[in-house]
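Two complexes come next, and they have one chain in common, chain A, joined by chain B in the first and chain C in the second.
Moving on, here comes the complex of A and B:
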């Protein structure tokens, strides 16, 4: 039976069947020996009943193939300049839920898994800084139920980052929460601060999550901090470096690429100060639909305009 | 060691061949991307030509009232060719745009301000108080450079610092809160900066980037890449403005 199964090519090997199926196969052996015509029925039966096992095996195989081809693609891409800092505006979760006829909160959950895949691709490509626009100060003006469910989702996901086996420890990610954290409720703020402290020693990748963030608010807060500092030290003049140092995003270099999903062409008060030399992309896909092809396309176009942007940076 | 040297040489030789192969694949992919851009450029040119001839119905009438303030960002190389900028402004006047902000990072257009104002018919310089007094057949121009971006915020910050220092109570050392967005907005006005938020930003340059346009004003601005200024097309301009009038923003809500 084993040789029949492996020989035909479209059946799983005996070894890959789970233990229950193996017992089943062995128990059916006597009937096939007594009448070889039953063999076809037996094999057909095994094929059908091992549907899940075989499906799982093939799915794993496909995943491995995907991973290998992705690694080779990234190896080719790394022949040219790669961005150091990528920023994402995760737009389109609600439209996605509406499009698919799902219930209200599930667009954001789908968006979260899209974010995780994007982070994995960035990690595999060796991109050190990734910034995401998770929640804007403007978003507080949404319906209270929606804001609350977003806060709950964020709390759940932030807490999951604290698990020992979570992605942040596996990949050595240092997490920053950027924004006016005072506007968040106490639980979310406490969880965020805990994650920042717990990941402070990681240094392989830096993830900056902008919550309760507005670029104009960031600028005002930086001005405020500079003024209070100067007032304390009795100095009467603020310089540009003071404001730059006090910007919350100063922990990362300027973004090289800013990607906004769902095709909208505006920045919506995100990183306005830091994107003077950044290339802006607006793929039409909604955020939960964003995939490897959008990232690769953005990087290929970045590689084409890299020398122009470098020249521009040196001019100013 | 005698055995290792040829092995090392062989493996480094194989590594070099591998890298060379990967490099070839990389270059090939980029050739394909360039071809794609060329082909899509051809399609855009044809479409733009059709639009300017009036062949495509939906672009024949544009609700220009929606576009209150337009900004144009010009790449430095392109800014040297002032005649092209003047031609663009003449097109915008024809379309009916009322207010245009011209930005280039080094201020080259600012230097040619007088020439531009002379050559563009019915143009007037936008003064801070002047925006309400623009008559319907005129176009108000504003000239912006990167000194109006970060340096202007520094100047405004110093005004706020002065206010703050003056308001510090001698007992507890705490000043009044002069640090809100509206305070900074007001301080920028005092410094002489325009705080109008452009509705649409057209980028004429090789890359879609706002190239350092004043950050404070870019909050909800639609940023559209128009290609190079040298090969600008009237049809593409119409298309970009028309697309803008169809955009619906919910401002984060």
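Moving on, here comes the complex of A and C:
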């Protein structure tokens, strides 16, 4: 491979690459040897980055390196059982902003990009359902300016999901907005409904975003609907399945793992009904700081206790 | 050679009492002791020692370090005492006569009544005003504990009951007003029948024997859960205990037997549906407060736990208390339940007191 790089005439020589790039190329050798298809991509980017577009090329190269190493990591992880449904409580955005001395709103923006990369990892790994706790009904109690800026941010991001290059189209995501949408202002609600309609045909992976959501509220709505349904019939015959059918979250199976960032170990009225048997995981990192390592650690722990749980489930 | 008479049944060790001649002068209120009279066959000596060794471990008593076989008066008073936690056995391998006594001595009597004078000061680091009002406990790990010690699962459960007693005492002393305990879940019905029978009879026996102490300690007991599968005798005992202790105020112990969080919400839903059908309320009026009233935890003023402790390192709620856990701080302890004890409890409380509870709002 080395001679290939240096041998060809129009191609830059290995010696002409700067030291950083040389290290990158050497680190890529093992993966290109294991999967020769990658060789072409690698060489292409080396070619790109040696020219004028050095900065952008290096970034793309690094991105590609990360993707390759992630892919091999995920291949190792999928040797064991993988969760089907992951839930996230995105806690700690404001503390992050305060810690970094940034202005108030930027914590949430950083949180959003952390969310995007987390979603990317999950879908690359092959996890079919991801649920996130975006906004709780209790959060309406915060200061009106903060609530308004959160709503504006949400509107902007929801609209961006409809873009052609968004993650929704890349992974074929079907998006659901779960919660008491009537509590949102009209613009946000309309945007959410539009996204739900636009992605209704996608079926590869599912993203459930909980806005204006409270688990107790969800249960109350389900109870109301069950009462109405069974009003004329014998009430004793209301079964668990009747309530569960009427829950908004019935479109997804129960979460296997619930990850709450920022180290707090409580449920905060999120998916109380559905997380009865989920593994709870609370890394200390604040939400914008959450990374691949936390996800991998959560999945490894899940795999460790999985065989024991499966045995118990079989007994049931 | 004479034969062994070992006078203990499955749960209690029944002994004949007689004062040990070499005991120091200790006030009798602080001391309780039991002595077992039995005769030993020579080669059964080791067997007996092993059996007792195991039995003492199962009752969380430190292992005996020496044998003290004494000849004792056969006309001793006969009394039955349940062995408490801090008792020790002393035997010494000296003379082996026809009648041998094994002495068990303890310095603390079991379930001492909590009096104002005995109110223990909080350990350092804990602040009285930040104590949780309602603590919930999932007592997980009895089976594993027993397996680690090489015992049967029911020995683990007995050890668990002892550990629970300690926690209940601490709650009473430290001003925690409600303690909810996950004794038996709907999922546990799949365990082997012999274990279930043991658990339920242990529960029945514990309740019956504790009736007096509960009254003395001003503890109120409430049982929640699906009682339809429980044996009739247990149900009778439960009703009696609830009735007798219903006016006690110091500590309320809620025991969840055959309980599941989902089942609780379901029965609340049925109750509400019935009320709607009867025309008492309108469907539109169903809200969170109404469901809260219908849940089984309405037996207490503080239905929502402030702190939930689960032992044995499992990071799950396992469908114990669903609605009520909305804002509960969860604490997962690595130890198995019989090892949890005072230290683990203090650690959990300290962790609780350091947490910031915001309930969705913002901490100013």
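Keep in mind that, in the parts below, the second predicted complex is superposed on the first by the 251 of 316 C-alpha atoms of A that agree within 3 Å, B and C clash if a C-alpha of one lies under 4 Å from a C-alpha of the other, contacts with A are read in each partner's own complex, and residues count from 1 in each chain.
We adopt the following convention: contacts are C-beta pairs under 8 Å (C-beta built on N, C-alpha and C of every residue); 3 or more make two chains touch, one makes a residue touch a chain.
Keep in mind it's a predicted model, so treat the numbers as computed, not measured.
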{"item": "Clash-or-fit label for the pair chain B, chain C on chain A", "value": "clash"}
{"item": "Contacts of A:162 with chain B and chain C, given as first, second, both or neither", "value": "neither"}
{"item": "Chain B versus chain C as contact partner of A:304, first or second or both or neither", "value": "first"}
{"item": "First (chain B), second (chain C), both or neither touched by A:223", "value": "both"}
{"item": "Partner chain in contact with A:231 - chain B first, chain C second, else both or neither", "value": "both"}
{"item": "First (chain B), second (chain C), both or neither touched by A:285", "value": "neither"}
{"item": "Which of chain B and chain C A:102 touches, first, second, both or neither", "value": "neither"}
{"item": "Partner chain in contact with A:243 - chain B first, chain C second, else both or neither", "value": "both"}
{"item": "First (chain B), second (chain C), both or neither touched by A:198", "value": "neither"}
{"item": "Contacts of A:76 with chain B and chain C, given as first, second, both or neither", "value": "first"}
{"item": "Colliding stretch - chain B into chain C, listed as 22-30, 40-48 or 94-102", "value": "94-102"}
{"item": "Overlap of chain C and chain B interfaces on chain A (superposed complexes)", "value": "136-139, 141-142, 215-217, 219-220, 223-224, 226-228, 230-231, 236, 238-240, 243, 264-269, 272-273, 275-281, 301, 305, 312, 315-316"}
{"item": "Chain B to chain A touching residues, read off their complex", "value": "19, 22-23, 25-26, 29-30, 33-34, 76, 105-106, 146, 149-151, 153-154, 156-158, 160-162, 164-165, 168, 175, 179-181, 183-184, 206-213, 215-216, 218-224, 247, 249, 251-253"}
{"item": "Complex interface listing, chain A residues touching chain C", "value": "94, 136-139, 141-143, 146, 215-217, 219-220, 223-224, 226-228, 230-231, 235-236, 238-240, 243, 264-269, 272-273, 275-281, 301, 305, 312, 315-316"}
{"item": "Touching residues on chain C, where the partner in the complex is chain A", "value": "187, 190, 261-263, 265-266, 268-270, 272-274, 276-277, 283-284, 286-288, 291, 314-319, 322-323, 325-332, 355-356, 359-362"}
{"item": "For the chain A and chain B complex, residues of the former touching the latter", "value": "75-77, 79-80, 136-139, 141-142, 215-217, 219-221, 223-224, 226-228, 230-231, 236-240, 243, 264-269, 272-273, 275-281, 300-301, 303-305, 308-309, 312, 315-316"}
